[in-house]
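Below is one structure. I have some questions about it.
Chains: A, B, C, D and E, in written order; residue numbering restarts at 1 for each.
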Amino acid sequence: MNNAHIDVRTVLFWGISAVILLILPQLFPLGYLVNAMITTVVWIIFALAFDLSAGHVGAVSLGHAVFFGVGAYVAAIAAPQLGLGYFGSMGLSAVTMGILALIAGIAFFRIAEVSFAIGTLGALIIAQQIANNAYDLTNGPMCIQSVPNPTIHLPGNAISVTQPVEYYYALLPLLLLTLIVYRLLTTQRIGRAFASVREDEVRASAMGVHPLRYKLLAFSVGGALIGALGSFQAQYITVVCPSELAIDYTLTMLIIVFVGGAGRMRGVVIGAILFNTLPRILENIGGGTIPPAYQQVIYGLILLGVVLYMPDGIDGLITRLTGGRKSKRQVVTDA
Amino acid sequence: MTENAVQSNETILAMRNIQAGYGDMTVLEDVNMEVKRGHIATIIGANGAGKSTLLKTIFGLVKPTRGSIVHQGEDIAGKGTLDVLRRGITFIPGGRANFPAMSVQENLEMGAYLRNDKDQIRAEIDQLCQRFPLLQEKRNTAVGNLSGGQQQMVEMAIAMMLKPDIMLIDEPTIGLAPLIVNEIFQVIQEINADGTTILLVEQNAKRALEVSDHGFVLELGRIRYSGAAEEIASFEEVYRAYLSER
Amino acid sequence: STAAQDEPEPIKIGLYAPMTGPVAFLGEGFELGATMALEELDYEIEGVPVELVVADNMCNPTDAVNAIRKLIEVDEVDVILGGGCSSATVAAQPIIAEGETPAVSATSTNPSIYDGMGVGGNIWQFRVNPDDLIMANAFADLIADDAGSLGLVAENTDFGRGALAAYKPLFEEMGVEVVYEDYFDLGTADYRAGLTAIRRANPDALLIVMTERDGSTFMRQLREVGLEQTIFSRGSLTSPLFVEFTEDDPTIGEGILEFSFWAFGLDPEHDEAFFERFDTANSPHRGMSYYVVKDVIAEAIRAAIEETGEATRESIRDALAEIDIETPIGPVAFDDHNQAYPFGTIQTIQDGVPTLLDTIELVPVERETSEE
Amino acid sequence: MPDTLLEVRKLTKHFAGVTALLDVDIDVYPGELLSLIGPNGSGKTTMFNCISGLLKIDTGSVRFKGADITRKRPDQIARLGLRRTFQDVRNFPNMTVMDNLLMAIQQQQEDNLIARAFRTPRIQEYEAIAYERARDVLELTELTRVKDQVAGSLSYGQRKLLEFACALMPDPDLILLDDPAAAVSATMITRMKAYIRELNQQGKTFLVVEHNMKVVMDLSQRIIVLDHGQKIAEGTPDMIRSDQKVLEAYFGD
Amino acid sequence: MSIELEIFLETIINGLTLGALYALVTMGLALIFGVARLVNFAHGDLFMIGGYALFVLLGVEGMELPYVLIVPLVVIVTMAFSWIIERTVIHRVINQSWRVHAVATLGISIVLQNIALILFTTDPKQTPTIFSRQIIEPFGVRMSMQRVIILVVVIVVFLGLQYFVRRTKLGKAIRAVSQNRDMCAIVGIDVKKIVMITFVISGGLAGLAGALLAPLYSVTPMMGSLLTLKGLAAVVLGGLGYINGAVFAAFGLGIIEALFSTYVSFAFKDVIVFGIFILFLFFRPQGIFGRRVGL
């Protein structure tokens, strides 16, 4: 309980993680692998931001890909016109998506649970249809092509980012920011307020919590982070298509968060790593001889296996294996 | 103490060395008790003593980790609720336990779910409704729209549809106005008069012991006292802890 | 040293296309065609074994980057066959250029990659099939001759949108009135509402840009509601596969006039062999990938080995750039933008049989250099 | 200081087909202990829901500490210093008992989101106060033993006690208790009564709904009786005990 | 009849057939959601299995079964599949939240779609019947007899389902499970069995939809994905778990979609359909038939 006390194991864990993150692309410099690392980090950020609302305030939106896709479009359409660099573009997407999430949240938080999930999924379909059909703005399925490679303006010089390794390091600050924000918002007092909203909004409000305010906080901070991520994606892939608004993204997030362990940073991160590496492993086993459709079947079966045999998610399993406190989602006091 | 023709000295339900709990946590420790056929027996005890757990263990909702529960000569410890139900033991949990969007009639039908004698069921529902005018009056009303007291009545009636041998009742008077509390205890006595053995858990211990034949005091998962109801009520210690506030 | 060590390193042909998901048929078609070509080559060119490696680009840019990197960096393929889904193709361009691996597109008709190919910068990307601009310039007047007013119907993809985007300005120039234009998502089950809208607009003729899959369902329902317009097609509504999909009612495809490349009848021998080999009918994706592997890529590999003694990425690319051959689908030689000009075809379905009516020579068109 | 702490005027509330409250007036004076009784379904809980802002009032007004709170949000009303318990226990079932208690107080301690996120010294001080209070109320309700269990795993009575404990965590000006003694053992009721009385003597104001007449009669200075959504009697315990209308509607003897 | 009136009539009929399509899919979704709070993302894949079952059964050499006999066979086949799915996956997760259900059914969906892809390739399979070929012209609107049959079946199935749930013992048990699961143990209703039966019935309904609709369209591995989403929207719109609401919503969506696609744009139709869906929810969060309970 004593927060001044710093746990050596915690420091060690984060230290080692940081070192691994930093040297990983140096150990495995192959573009294919660095690309996989980038995608993994993208998914970790995406999943953590998604978990802010899905795992902590209990608002499972299936429309989160909107922030990703529209964030990417903003970076592809508006940012170059404003002459923004790498971080400028991210900031623009983050701000616009944060505001969009705020507005959408005010509207959508009128509905709850399954209705909220399906309603936000509807919003995603609308956004995707618009991206697909508003040809003049988005080029529709022909995609916005050749988003310029970004430049990072540092005091003194400007670095042009082109290689996967450079993109990887350019993405790490966003990861760090996400981890910090996630931690600040989900522990202690705010985390407790989030949990109270998730558990029982009516009772929470009788205790002085304004549920909408906290839900909007989680939703729009998550939206802003995902927006920034969309901007990264646009600048990394350099093509922005309506497929960035695909339902698959949100469904994957649902899988990662609820299989990893909703509301738990460790579970979400591990879920993101696992469900990104799994397809990479599948496409390479047997010297890449397993046809894609079979890979998908195996992927689906593994997913089912995890759901069936790890009822508390991967995080629950780890807790059990390491002899930690028995799960029941326990929250916040000293998370 | 009720006048009861079918009362006997036969033990209908006996618990021997029962240990039970949730996960790693043991709640009941070495519980031994006997209930006689036709009796009303009341369990009293502090909050968290394990009273509800005890009823749930008998009904099969909580699996005992040790000990036996003997019903009519057979050990039923560890059996599923369906088996227990089929043996004529029903349970009315505390709080609301009904199907809120179904009418009173349908709720009673659900009470007889395990039975297949359609005509007999219909006749019995008619009978019940005659006996309790409330049920007749609200027969086609959704139970969720009834007041708390009315719902508690319906729940008793649901349990009666199985013509149970033993009824386990957990705190039937929570949140009910004094007038209704009286009625509930009256109904319990009536059910008992028909030959049903009743094991009751009640914080309103004074009233409960008044209608009971036997009493148990549960403390921290162990039976502390057991004896005739009046006897239990007369213990100074018991009185102060469980009876003084009603 | 043993014989095994003498065995030369196999040449790897990488295929990147959507293999799963809603447009898996694209990848499946490519795989069928390429497989048949390799079987006919006995998996060997000039004594060097040849392999096919497949990577699933899922028809989106993110997975395309992964797939193309896997082919180039992990599988270390020597040449890439690809096409379909411009989102994936476009995203793959910089990686193909950076990875210095020759890539040949067989059916991707999106005009936008033309600018970047060859002298445009990416010397590694080639395209065998004509793109929409080339075809529209060749065919638009044939449609205009026949119809004063026109309804435009396309699948809502890069393919459908791209084709109509090329045709529309030409129709405008030619004074054809477009009275209806709409796009249908892949996998649409019920087209009746769109068909009612067409009846309301009442054009002289329809130009449909769809593949067999959605097209056969669309046409089936068009017949059901009894629309009687002349049907022009720029897709694959007269392919044997289309006929197979409508075999219960052969009148569905009757009389559709299609303008495209690759057609049933250009190479009767192959048409027959394909059906026998796979027990399923041929279509443009399947046909084109067959020729691109069998004639174009194999030819380039052969030339590369002849020229330099071995087939490397570099030598294959150089050979491709020099290629100049006659194939059943027409002449293949790449211009300075690495674009080839095989036959344009005019075809129809007559008495339930896909019938080639005519072939025409396609020519380079003037392009506005893109705004960027 | 206004002479009424809570002033309910002509409060009316309908549900589809049911009139739950009709033109009810209630005044709660600072420092008093007022009970609200009545048969099941007479509108007591609805009254609490209307006062605490969880239900929209059809007509009528509510003033608290002189301010009109008729249209205020429940969280605003709570932060003004009005706390209530729920009759049908609804603790946060997946949060520990401790977290439930900390949650009950934290919104009362003024601060902002940034301060909250970054644990400023003031926040740490608040946290210390919260833990101390939690320890006290845990001891009072004998829940110390289960403080790290999730609330959903408590017995019914324990959850009821937790509900009571939560209402005491902050230092509200007015506490509304809805059926606090139901399902609670006699020993605990005795303690509860003593504690309520003690707080009341220190100047805390209570509005209590309760079906246990011994508790009501022992504690109350004044009693209001509702029946079918209307006030049928008001007065001292002795007056109520002998009121014919109340006897018929409520006590039944 | 003026041409515009004719067009309008045709549009309405188009809307009704679309509505019938959505209704068939949505009924099973609503049923299982009502009972088990199960958001079944694999429902559309059971529909797909129905389509392939029809295709296979129509193609059996030397045993030209009439369509009216094949349809019940298809229903039985999909019920068997549903049973297997229930036994292997659903019943193990049924006590968890709908989020876990969603993940599990997504997994099932991935597996089923790709197995279909492996077995049948992407080639759309045709399953014409005598009814789908027979063209009739009520009110001057040309359409296939199959559509009339579908409309009739939807109405019959809907009424049958209502009767089943309201009047039969099993139906009542299904409602009981949906209202209070804890209580079921107390009166002796085997919740897991009821969930299983409901899931199988729901799967059977999806299969029926497949058998009826495939002859008009075509059978592909992905044919169910889009429909599941529209079906879910109808379930939510109808008031979660209310079958009558869901059917009502399905027809509403069908007609709106038809009107918009004919008079404005087909490409944008889902913008309007889901836009109306969302707007409706803003003003009536509990759906058409749903009730708001508690505070």
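Structural remarks
Please note the rule applied: a residue touches a chain if its C-beta (ideal position, glycine included) is under 8 Å from a C-beta of that chain, and two chains touch if they have at least 3 such contacts.
Bear in mind the structure is a predicted one, so any value in this text is a computation, not a measurement.
Least step count on the touch graph, chain B to chain D: 1.
Note on interfaces B-E and A-D: more C-beta pairs are in contact across A-D. Our note on geometry: chain A versus chain B, Cα centroid distance of 52 Å, whole angstroms. Centre-to-centre spacing of chain A and chain D amounts to 42 Å, using the average Cα coordinate of each chain. Between the CA-based centres of chain A and chain E the separation comes to 32 Å, rounded to the whole angstrom.
Computed centre separation for the pair chain D/chain E is 48 angstrom, with centres defined by C-alpha atoms.
Shown for chain B are the residues in touch with two or more other chains, of which there are none.
Touching two or more other chains at once are residues 132-133, 202, 291, 293, 296 of chain A.
Counting partner chains per residue, chain E has residues 114, 117, 265, 267, 270, 295 touching two or more of them. Taken together, the chain E residues at the contact with chain A in this complex read 33, 37, 39, 41, 89, 92-93, 96, 98-100, 102-104, 106-111, 113-115, 117-118, 229, 232-233, 235-236, 240, 265, 267-268, 270-271, 274-275, 277-278, 281-282, 285, 287, 294-295. Contacts from chain D toward chain B in the complex involve residues 38-41, 87-88, 142, 146, 153-158, 160-161, 179, 181-190, 193, 211-215, 250-253.
By the touch rule above, chain B contacts chain E in their complex via residues 61, 81-82, 85-86, 90-93, 97-102, 106, 109-111, 113-114, 158, 162.
In the complex of the two chains, the chain E residues touching chain C come out as 3-4, 7, 10-11, 14-15, 17-18, 21, 114, 117, 121-124, 126, 128, 133, 135, 142-144, 213, 216-218, 220-223, 225-227, 257-258, 261-263, 265-267, 269-270. Contact residues on chain E toward chain B in their complex (touch as defined above): 169, 172-173, 175-176, 179-180, 182-183, 185-190.
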